[in-house]
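Okay, so subunit A shows up in both of these, paired with subunit B first and subunit C after.
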Partner chain A sequence: MRHLWTRLRRYPALLLLITVYVVSCLVVGVNALRARGGAPGSEGKKVLRFAHWQLEPGIRSALDRLIANYHELHPDVEVRQILIPEEGYFRWVNTQLIGRTAPDMIECGLGGTVAWALWPKFYARYFMPLDRYVDEPNPYNKGTPLEEAPWRKTYFDEMEGGYDDSLQSYYRVPLSAFTVRLYYNKPLIEEVWGEQFPQTYEAFIELCEALEEHGRQQGRRLVPISGSGYNFRQFFDAFQTALTADYLRQLDRDYDGSVSRIESGAAIYAGTVSMTEPAIRANFELVRELSEYFPQGYMSLDRDEAVFLFLQGHAAMISTGSWDFQSLHVQSEFEIAVADIPLPSRDNPRYGRYVAGPRTEAGLEGGFPMAITKTSAHPDEALDFLQYASSLKKNEELNRNMFWLPVIKGARPRDELKPFAPRIEGYSPAINYEGPGVELTYGQLTPEFLSGKLSYEQFVERLMDAYRRESAGGVYEYVKNNQQTLTQQMRFAALRRADMTGAAGAGASVTGSSETQYKRIMEAYVGQVGSYNNEIRTWVELARSSKADRG
Partner chain B sequence: MSRVSEGPIARLLKHGYLWLMLALVYLPFYVMLIISFKDNKQFYNHPWVPTFPLHWENWAEAWDTVGVFIANSVFLAVTATLVTLLVAVPAAYVFGRYRVPFGGIFWAGLIILMLMPGVANLIPLFNLMRRLSLLNSLMGLAVVTAAGGQVFCLFVLRNFVEDMPKEFFECARIDGASHLQQVIHVVIPQCGGIISALAIMNFVGAWNSFILPLIVIRDPEKLPLAVGLFRLQGAYVKQWGPLMAAYFISAIPLVILFAFTMRLFIRGISEGAIKG
Partner chain C sequence: MPRERIRFAQVRRHWSLYALMVPTLVLVAMFMYLPAISGVYHSFYRWDGDELATYVGMRNYRQAFGDPELGWAFVRVGILFGASLFKMVPSIVTAVVIHRITRDRLRYFYRLLFVVPMVIPWMVGLLIWKFFYNPVVGLLNRFLSTTGILDILAAMNTWAVKANVVESVIFQVGRNPAWLGDSDLALAAYIFWGFPWIGVIGVLIYLSGLEKIPHSVYECADLDGVGWFGKFLYIELPLIATQVRINLVLLIIGVLKGYGLVLVLLGETGGPGGAVMVPGLYMYYNAFVKREAGYACAIGILVFFVILALTYVNNKLVRVER
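Let's turn to the complex of A and B:
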């Protein structure tokens, strides 16, 4: 022993490591023992876990308050938050669901393009359908005007945000809503421009010029609009809808009231809608004009960098969603106000004749959606907790604490959030330049055009090259994915019918209401097949006519 | 040539260059330290210079958050490194010294494992861990980390053992040494440098591992540092002060480790670089 000590003394690093390791083992051991015994005070309780990626202290504490209130009503239930960083969220959810170790409730929806496509499959396999409950009143609305209303009817969007079209079922319980607006540095804008924020695009451009001039006079860096690839997209969408809304009638070939990517892509590919048409050209030129007032190289900046620039006072405005409201207000040293993104007036010589109006938010759906997993040990309690969170009083309280918009009819948002109230009037997006297969090329060419590296003619030429080269493959992918979805939907409908029959007892006939539900699913399925066939027919017809034209 | 290098201008240039390099290396530390004492408003307005009042509470908050994570990470990294080496050194001795039936196939299998991207294995690995009841356990995570780490160790160590003179082993056997004694008295002293380098690399790898602990560990009090640090990040707003204080605290153990083991690490990676 003495010999060992003499040797160890010659290696102080090893000694230090051994000491730290022993201490760590003790800490880990104590924690493991505690975990085995459960959290203090949780003995004999039903533990509900819900996972989400809203890691901000404000959101966390608002949810903690909701949980504490729920706990007062239900002392036998303990609700715990599992906070997963956004970066690893989808991977985490994926493995937990497949491994059947998922928590009771999961926030759904995040994960990039591929993952978005995967969610419906996840719902069918791993989440509990809520159809049985959405037509019943929410018990926590007792004593409110919504007392008698079915749960889904208590939502401002009638729970559309919780409905999955491809599976024809309700799976999610949305808790908040979000819209996008323009935030601005109020004292700075008042100093440079005046109290009234510009109402038209022309005045807005004048304001941007004035801000640049102001920066020059003061000898400091001042960018009119802070932006990044993330923020810019929201700007672009607002103007794209405003200037190209009239294409709806021309592009909606199946008359379902919206233009799909296939319908839009087919028209551009076949040349029935040309990228050189004045309205489309005006759309791109307007956006390029605005790009002049964004920071240099903004498309490669990330969201944090754009916020940083705005909060430092180096940018006067930023376009982002209501989800950023609290963070921007808490962190800024100046007063922040909110305005709509101004559109060109009808008498604008370059853009006026194409302007239809603002983009409508009538189709806004509830966000921050939670779904109950099939592996939950306490599905009834999980449902009860979500009903509690989506009751009139509690949803209002939760969202007031989070500084987000509530989703329940009659729930009042904070006064500061009133500018974010959804705009009912307006126009729907009518054209999508990213046809099937050309998304990547479009994403690469747009920054080059906006930064002035490409002229509009060069941009169009390269985009159309991509259409000719890539769209056949894109359509093939689309067909393949749709076939998979439809097959899955068919299987799902059959499974549900089997469930219904099973529930009624072996050999018993399917009950009337179950049969109606099955018929509803099948009708929706047939409708989707029809819509899908129409889209493909559109593509084939337009592609043929285009080939015939070329000779 | 020697006169030029000893001149005052040359010396000034040399020292200036070294100071510049040092400044570049220490810049991230400076930034971390400065920001760790700020609230978000101070950070947004004056990110690069010290501002007052100093927010010492950031450090308290950071320590409260990462203190237990550091203990978990030390446990995970040291256990994983020990298990890795305990398995890899004797295995390298066998692969390097003996020709066994199907040895080539075993070896090829190991190399294929090294080429497999870890993320591709994630779901099968997760399922395997669930069946073995290793989920939400730091010990289980250490075992899986060790299993992943030993492949590279074995790949490197085998070549070192193979290159060792046979006479060493023959002498040991004549003196009556068993296989284990040959490993302890011949392989480990002769490969000490590279074993140390591999130990450090494994330690750092386990210390920084993110995806596997994120998925495997459920209880917050069992999270290792890399995942725990992400808890301080928000999806929409980051509290930069506590975040930087936590980064600083979490860097300290690695700095200490490198300060003490630099000599071994350099010796390990330069071993075999000179012929003869």
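Let's turn to the complex of A and C:
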């Protein structure tokens, strides 16, 4: 030993390296052990940590108030918020889950295209299924009309926002709901136009003209509508549904009540639906007409830039969701009002005959979804906290403080949010111009068309070129990817079955329920495979008929 | 100087020094070489970037050679590379100017001035430039409007369209140009980004080379009556050729594989009409948006070979005088 020490003393750098390595291992080990036992709270309290990306003004303080009320009821529990910026949220969640240091509750569902495909895998691997709780009443609804109702039945959407279709399980507890509307600078609009906000597209265009004229008279550049690629999408979606809703009957080949990208893309590729049909052309021309009232080159602006233009008074209106309600009100120096995006009237000579009606929001699902991690040291307390947050009284209170829409039946939103109430009547989207494989070309050509660089004929010609070049391969990739995802989901389902059976031990009833659930997952899997097979068949049929037509 | 061979006995004697290198080697192998090897492997597979892969042989490479979008991306990156060569000049000139300052303290002060901006996060600089280009409130459009340059540009554009020199109307009186939202302007705006293109790292690398030039060389030049430009052309430029070569290699790699700036400024489609779609961004798009990671790996391998070829050409062309 002494000999070794004498030798090591000759190598101070090595000694230092070993010391640092040992200390690092100790620190990491101790932290890991602590995380497993739950973060230490003050005075020996159980600590619940929940992570979310809602950094908008007012959200944190509203959640703090909810937490303070919960602490009064449960003095032995301490709930802490972890706020992570949206940009790095998914990466952060990913590393925390893999490293088994994830907080007890995590807001789910963010992170772009890749993340959307990964979340179901995350649910299966890292989150606690809530199926056994959702059919029991929420204890915090005692003394309210929802006292006897199962937890999921207390939701306006019957907790659809918490259900994962591919895994056939409830994983998330939604706390709020969101819809999209048009925000406007009320004093400015009243000065230029009057108190009554335009109800039709025609009047809306007149308002935009009046705003531009007002800007010119004042010697400043006033943009009628603040826009970016993100904000414009909401206008596009509203007009697309309104003008092309009738295509639903024609394009829904598998009769599931909606039009998939495959169905839509196949129809465009095969010429069953032509991009030059009057209703589709009217759709694009309508959005191009409206583009005149957006900032130049708005498609390359981002969401923050659009909000900045609106708040600085450089733009009079902006289209965004109810999630921005409070932050816009807090940051603006003028009064803000909210209206629906106006649609062309039936009398409009160019667009009127194609207008069906507004886009329906009947299928709205709960948002701001929280899920409990399997690594949580206090899953029962985490569940209890989420039940508290989704009880009738507390959900109403929380959402009133956040200026968001509540998700529990009977919970009343703030009066200011009434314009955001979901529109039940209306039409479903019926066509998607971005068929498999042509998304990039479509994304590149649309700004060119909207800015007037391309005529509609040029736009269609180049888009159809891309359809002919890319679609067959695109469909193959799309279907193949979805089938592979399904196969993986099946693997997770099997693992979960084993997991539940093992966890149940002697609990035969739980084992029984796991079998039932496994069967449900299998049925859903078969259904989804069938659906994909139908889509492939649709594609092949249409492609063949198209080839035959071309001779 | 002949190279000294390291004998195994020496390695055994100094094993602890080699042991100190092990953590670095392991980390470099794990995080740099392993992903690269995985990239080569997956370029022969139809892979969605996750778990499942199917062997497809050379299909991804055949697809890449027949992909017009990738072809245009390489053309665009060629233009950007040409522009970047030009953008090296201000850094060289700045380094020479600083080097020629006779007072040591003043020279040190200027050097410091160049290092200080390095503490500003890259993202902040990027957002400032994005704001600079904003069509409504951006400083560039305000400057062009206030000085009347925009009217001149509009008049020239009208003349050029009438004379059939150009087809599209880019500048119009009373309409602010959308620098990043117009397919005719996006590439130019991207090249102009970072004006006056004085790269801090570049200046410091050139300065390190310039400071190795002995004073006696300048004294001889003075005796021979060589002017300031002659000193630059015959003394400084040849003697910092090593540094120019290093910067060129960094530039080749940076331009060919870079896409972060385009992604943040113009989004994943490369801007309107894909005006700034570069190979790196196309690779990103295929890997993370289309989930065709196998094809993205094949593009990455092609980009690697182009970088290798250009670096070889650079090393052959830029001769270093020792």
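Quick note on the criterion: the second predicted complex is superposed on the first by the 479 of 551 C-alpha atoms of A that agree within 3 Å, B and C clash if a C-alpha of one lies under 4 Å from a C-alpha of the other, contacts with A are read in each partner's own complex, and residues count from 1 in each chain.
As a convention for this text, contacts are C-beta pairs under 8 Å (C-beta built on N, C-alpha and C of every residue); 3 or more make two chains touch, one makes a residue touch a chain.
What you see is a predicted model; the values in this text were computed from it and never measured.
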Which of subunit B and subunit C A:Ala421 touches, first, second, both or neither: neither
Subunit B versus subunit C as contact partner of A:Ala68, first or second or both or neither: neither
First, second, both or neither for A:Gln54, with subunit B first and subunit C second: first
First (subunit B), second (subunit C), both or neither touched by A:Leu440: second
Subunit A residues touched by each partner, larger count belonging to subunit B or subunit C: B
First (subunit B), second (subunit C), both or neither touched by A:Arg221: second
Which superposed partner A:Gln296 touches (first subunit B, second subunit C, both, neither): second
Which superposed partner A:Glu86 touches (first subunit B, second subunit C, both, neither): first
Subunit B versus subunit C as contact partner of A:Ala377, first or second or both or neither: neither
First, second, both or neither for A:Leu17, with subunit B first and subunit C second: both
Subunit A positions touched by subunit B in one structure and by subunit C in the second: 13, 17, 312
Subunit A residues touching subunit B - in the complex, by the definition given at the top: 12-13, 16-17, 20-21, 23-25, 27-28, 31-32, 34-35, 53-59, 82-88, 91-92, 94-96, 98-101, 304, 308, 311-313, 323-324, 326-327, 330-333
In the complex with subunit C, residue positions of subunit A that touch it: 11, 13-14, 17, 112-114, 117-118, 221, 223, 229, 295-301, 305, 309, 312, 314-315, 439-440, 443-445, 447-448, 451, 453, 477, 480-481, 484, 487-488
Interface residues, subunit C side, partner subunit A - complex: 16, 19-20, 23, 46, 48-52, 69, 130-131, 134-137, 168, 175-184, 186, 265-274, 277, 285, 288-292
Subunit B - residues contacting subunit A, complex: 40-41, 44-45, 68, 70-72, 74-75, 78, 119, 122-123, 126-127, 130, 135, 137-138, 210-211, 214-215, 218-219, 221-222, 227, 230-231, 233-239, 253, 256-257, 260-261
